[in-house]
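Below are two complexes that have chain A in common, paired first with chain B and then with chain C.
Let's turn to the complex of A and B:
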C-alpha cells in the first residue's frame, strides 16, 4: 500500500492544483477538470454503494436471526425434522470439531510445504510442479473437492459419511490458502535475519525453525484464523463427505458409538450444511426461522474469527517487537 | 535466493554424503529437507490423484456406457433415466453448460464496474481509506459462507425479482446477482494489486505532461495494469463457474435449455449438488454426473491456463 499512498499524495499535489494559477486555461483543460471531478464522484459513489450493500447484507443476516441468536434452547437442542422448535446443538459442536481436526491436519502440512517452497526448493522443475499443483487445488470448485472426497474416503476407503472424510476434504480445500499465507509470511521476514542465522553456523532447518517461523508467527496466526473462517462456513465440500445427518450426541456413549461426540467415524452435519439441507428439503415448518437463526450464528462465528485474527496477529506482533 | 550460500551448503552435503549421520548438523538439515519435501509431495500426489480419479469416473460415460460425445455436449435434453428416440439415453449436458457460462459471464458483467471502480478509488484516490477500511470490509465479504449468500438471495433477491418481472423469481439473473456479490472481493482485491503495481514514474510522467488524475488513470494506469485486471476477471469467473450451493438455491433447478434470464435454469454445479446423492454408484445416471464433474474440473484447469498465458504475455511485453 505504501507505493499507492505515495501516488495519491503525488497525485493530489500535482494534478488538479497545478493548472489552477493560470486563470486563462483553455476550454479543453476546463473540460478535463470537470471530467476529472465527475469521474472522482462516480468512483466514490461506487465505493459507497458497495459499502452500503455489504453492511446491509450483514445487518440483514444478523437481524433476521437475532431472536434465535440469544435463544439458549435453539443453540443447544437437537434439530427437528418434521416439527417446529428444533435447535442446532449438534451442528454447532460438529462445526467446531471439524474445524479443529481440519486445522490439526492442514496446518502442519501447509507449514512444511511452505517451508520447502521458500527455503529448500531449488528454482526449477520441482518448485514449478508444486506451485502448479497448489494453484490447481486453489482454483478447484469446492464441490469437486467434495466429490473426490466422497469417491476416495467415503467409498474407496469405506469410512462412510464421517467426520474424518469431511476433515480430509476440508484439508484439501484449506491447504492452498494456508500455503500461500505462510509462504508470504516467511518471505516477508527480512533477509538479514536469515543470513545472520546462517552465518552463525545454523543449518537452514534450524534457521527456519528458530528464526524465520517465530518472526513470521504473527502473520501466520492471522492467516490461519482467517482461513478457519472460510473452513467454518464451507458446505459444498462437506455435503457428500461429512454427510447430512447429525446423530444425537451424548458424552457418556462409548467412543465407537455413533453418538459419542469425538468419534471421527460418525456422520456430522455442520451449520452451513444444515442451512442448505433444510432449505433443499423444505419440510421443517419453521424453516425460515431456523435457517435465519443458523445463518446468524454462522455469521457471528465468522465475524469473531475475523476479529480474533486481527487482534491476535497484532498482539503477537507487539510482543515480538517489544522484546 | 542467496545463490552462493545455498550452493556451498548443498554441494558440501552432496560431496560428503557418506558421512551423513556423523555430523549432527547435517542430519538435522537432511531431516528438515525430508519432512518438508514429504509435505510438498503429498500435496502434489493429492492433486494428481484427484484429477485422475475424477477424470477416470467421468470418462466412464463415454467408454463404458458408450455415450457419443456429441449427444453429451450437444444434446439439449437432460433425463438420464430415459432413452431418446435413437436409443441413446437423454444425457444432453448443453443446458447446464449454457447455464454455467451464462451465470458466470453475467455475474462478471455485474461485478466488474463495481470492482474496477472500487479498486481505482482505493489505489488512486484514497489509499489510506482503502487499506484501513475498504480492504478489511471486503475481507469480511469473502468470509460470508456461500449458503448464507444463497439464503440472502432467497430472502431478498428472489422475491424482488418476482415482484419486478413476475414468474417464480428463480433464474439466471437472480443467481448472477448473488454470484456478483461473491466474486466482487476476488476481482476487487486482485485488480487493486494490479493497479498498485503500476510504477509511480508512469503517473508522474503523465502528470508532468499536464494530464488530470482521471486522464492519467484512463490513459496510463489502466492500460499498464491491463494484464493484472484481466487475471482478476478470470479468477472471478473461475470462482463463479465453480460455485455450487448459492447458485443451486436461487437458480430454480430446471434442467432445460435456459429460456431467458428470469426463468428457472440449472448449472453444472447445481445438477451435481442435487443429483449425486440420489444415484447409485456405477449406474449410467451416476456416471454422467461424474462426466459433469469432469467438465467442471477441466474448465477450472482452463481458467488457470488462461491466467498463465496472460501472465506470460504481460511479462513478455514488459521485457
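Let's turn to the complex of A and C:
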C-alpha cells in the first residue's frame, strides 16, 4: 500500500484528525532534510580544507625540490661538507638498507606476537597487559625511543652509532604498529574459516599457517608497507642511534671496513636525518636547495610506498577471491 | 563406511550455566538424523560435542559419554583423528582462501600422502558426488572464494567428504542459501548419508521432514523427544513438541 492510499484509508475512518499528524510529519521531515544538508555541507568543507592543505604541502615540497629530483648527480654523489654541489647517494642507500633490516627484524616478531595474541593467549589478563603495553609503546615519542636506543645499544652494548643500533631502535618503534595491524587483520578473518580448518582435523598451528595467515595476507601486506613509510621517514629515533655521519661507501671495501655499505656496525645517516642535520648545523652554500631536494626524494619514496601498499593489497585480495 | 554415533547422560556446562541436560540419543549409521528446536535450545552445542569443537571454548565442561561406533570420543580418540572421521559443514559457506582444487585436496593431502593421480581422482569423484564437477571443472585453479553461496557450500561439503568420514555433521547448512541451492544441499544430504551418516541441525521443520529418518526435538537444553521423523511429526508424545511443531512458539 502506498502512503497516499494509507492516508486516504485513514482519512475515511478518522477524518477530523487527518491533517494534524500530516502537518507534523511534513515539518519534521523538512527539518531533518535541512539538518542533513547542513551536515553534508560542513563535513564536505572540512574534508576540502584537509585535502587542499595536504595537496599544497605535497606540491610545494615537490616543486621546491623538482630540479634535484631528476638530477642523477644529486641522487648518487656523496654529500659535501663545505662547498656546493653535494649529493645524497649514501643517505638514499642508508635509508633503504635500514628499512630492509628493520622489516626483517620486526615483521617476524610482530607476526608471531599477533598470532599468539589472537590465537593462543587466553583472553583476559595476558592479552590486556599486552594490549596496554602495545598501545603505550605505539604512542611513545620517537625521540624517547631514540634516547633509549642510545643508552642501550650505542653505549651499554658498545655498538656505537651504527646501522644495527638504528635498526633495533626502529624495530621498537615499528613493532607496536605492526602487531596492531596484523592482529586486526587476523581478527577480521571470519571465525568460520578457522573452525572449518579445525573441523578438518588440523592443529591450531596448521589452521593458522595454512588458512588464517593466507586469508589475512592482503591486509598484512598493506599494513607492513604503510608502516615502512613511517619507518622510512623517521628521524628522531635515528639521530642518536644510527648517527649523523655518512661515510663514503665503496663496494670494494672489506666487510669490516666502515666504507662497506653492508657493514651493520658503521654509522649511517638517513634522508630524514640529513634534512634535520643540514638545517640545524649545515654550512654548505646550497643548503636550502639540498634540503628541499632531499625532502622531495623522501616524499616521492613515501608516496611510492603508499601506492605499492594499495596496489599489492588489492592484487592479493583479487588473487584470493576472484579467478 | 557410515558409522553410528550415540550420546549417553550428556551434561554440558558453560561456566555455571548448564546448556545441555542429561541427553541420551542414538544416531543410526547410514541415516539422516535431524536436531530441531528453537534458538538457544542446545542443538548446535550438542552437534559440536560430537566432533569436540567445544573443547576450545573456555569454561566449557562436558560430562557423560559420546561414542563414535563403540569408541568413546572423549576418552579414546585423538581429537585430530576424530575430526577426520567426523566431518563438519557450517552455517555459512566457508571455503579456504585456496583454489577449488586445493580446497578439496586439502584434507586428503593432510591426512595421507596421495599421489598426484590419486588426488586428481579424489577431487573429481568428490566434486561429481556433490554435483559441482560440471560447473567448476574448467576453473579448478580459481579461488574457492569466487563461487556463489550455494556452490561454495557444496564445495565445503566436498571438502569434508574428501577424507571419507564416517559421519558428516551439518550445522544449519542451508540457512544462508537461496531455495534452489537449499534443495540441492538437501538432496545431497540424503544421498551421502548412505556412506557418511548425516547429523543435521536445522531451524526449518519442513527440511527435517523432507530429509531426515530420525528427528530429535530440543527445548531449553533438554532432549524433549526423539523418534522416527514421520512419527514425531504425526503423533508427538510431548505437549511441548506438539506446540512447537504446530507453531505455537519458537
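Keep this in mind: the second predicted complex is superposed on the first by the 278 of 323 C-alpha atoms of A that agree within 3 Å, B and C clash if a C-alpha of one lies under 4 Å from a C-alpha of the other, contacts with A are read in each partner's own complex, and residues count from 1 in each chain.
Here is the rule we use: a contact is a pair of C-beta atoms (placed from the backbone, for glycine too) under 8 Å apart; a residue touches a chain by one contact, two chains touch by 3 or more.
Source: prediction; values computed, not measured.
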Looking at the overlay, does A:154 come into contact with chain B only (first), chain C only (second), both, or neither?
-> neither
Partner chain(s) touched by A:195 [first = chain B, second = chain C, both, neither] | both
Chain B versus chain C as contact partner of A:169, first or second or both or neither = neither
Looking at the overlay, does A:36 come into contact with chain B only (first), chain C only (second), both, or neither?
-> first
Is it chain B or chain C that touches the larger share of residues in chain A?
-> B
Classify the contacts of A:123 with the two partner chains as first (chain B alone), second (chain C alone), both, or neither.
-> both
Is A:215 in contact with chain B, with chain C, with both, or with neither (first, second, both, neither)?
-> second
State whether A:231 touches chain B only (first), chain C only (second), both chains, or neither.
-> neither
Regarding the shared-chain residue A:205, is it in contact with chain B (first), chain C (second), both, or neither?
-> first
Would you mind listing the overlap between the chain B footprint and the chain C footprint on chain A?
-> 123, 195, 198, 201, 203, 206
State the interface residues of chain A toward chain C in the complex, per the touch definition above.
-> 122-123, 190, 192-193, 195-203, 206, 210-211, 214-215, 319-323
Which residues of chain A touch chain B in the complex?
-> 1, 3-8, 10-11, 14-16, 18-19, 29, 32-33, 35-36, 39-40, 42-44, 46-47, 49-51, 53-54, 57-58, 60-61, 64, 108-113, 115-117, 119-121, 123, 126, 129-130, 133-137, 139-145, 147-148, 150-152, 155, 172, 175, 179, 191, 195, 198, 201, 203-206, 208-209, 226, 229-230, 232-236, 239-240, 244, 272-273, 275-276, 279-280, 288, 291-292, 295, 298-299, 302-303, 305-306, 310
Going by the contact rule at the top, pick out the chain C residues touching chain A in the complex.
-> 51, 53, 56, 58, 80-84, 87-88, 90-92, 94, 96-98, 106-107, 110-111, 139, 141-143, 145-146, 156, 159-160, 163
Chain A contact footprint on chain B (complex, rising order) = 1-2, 5, 9, 25-26, 28-29, 31-33, 35-40, 42-44, 46-51, 53-54, 57, 113-114, 117-118, 120-128, 130-131, 134, 136-148, 150-152, 154-156, 181, 184, 195-196, 200, 203-204, 207-208, 210-217, 235, 238, 241-245, 248-249, 269, 272-274, 276-277, 281, 290, 293, 296-297, 300-301, 303-304
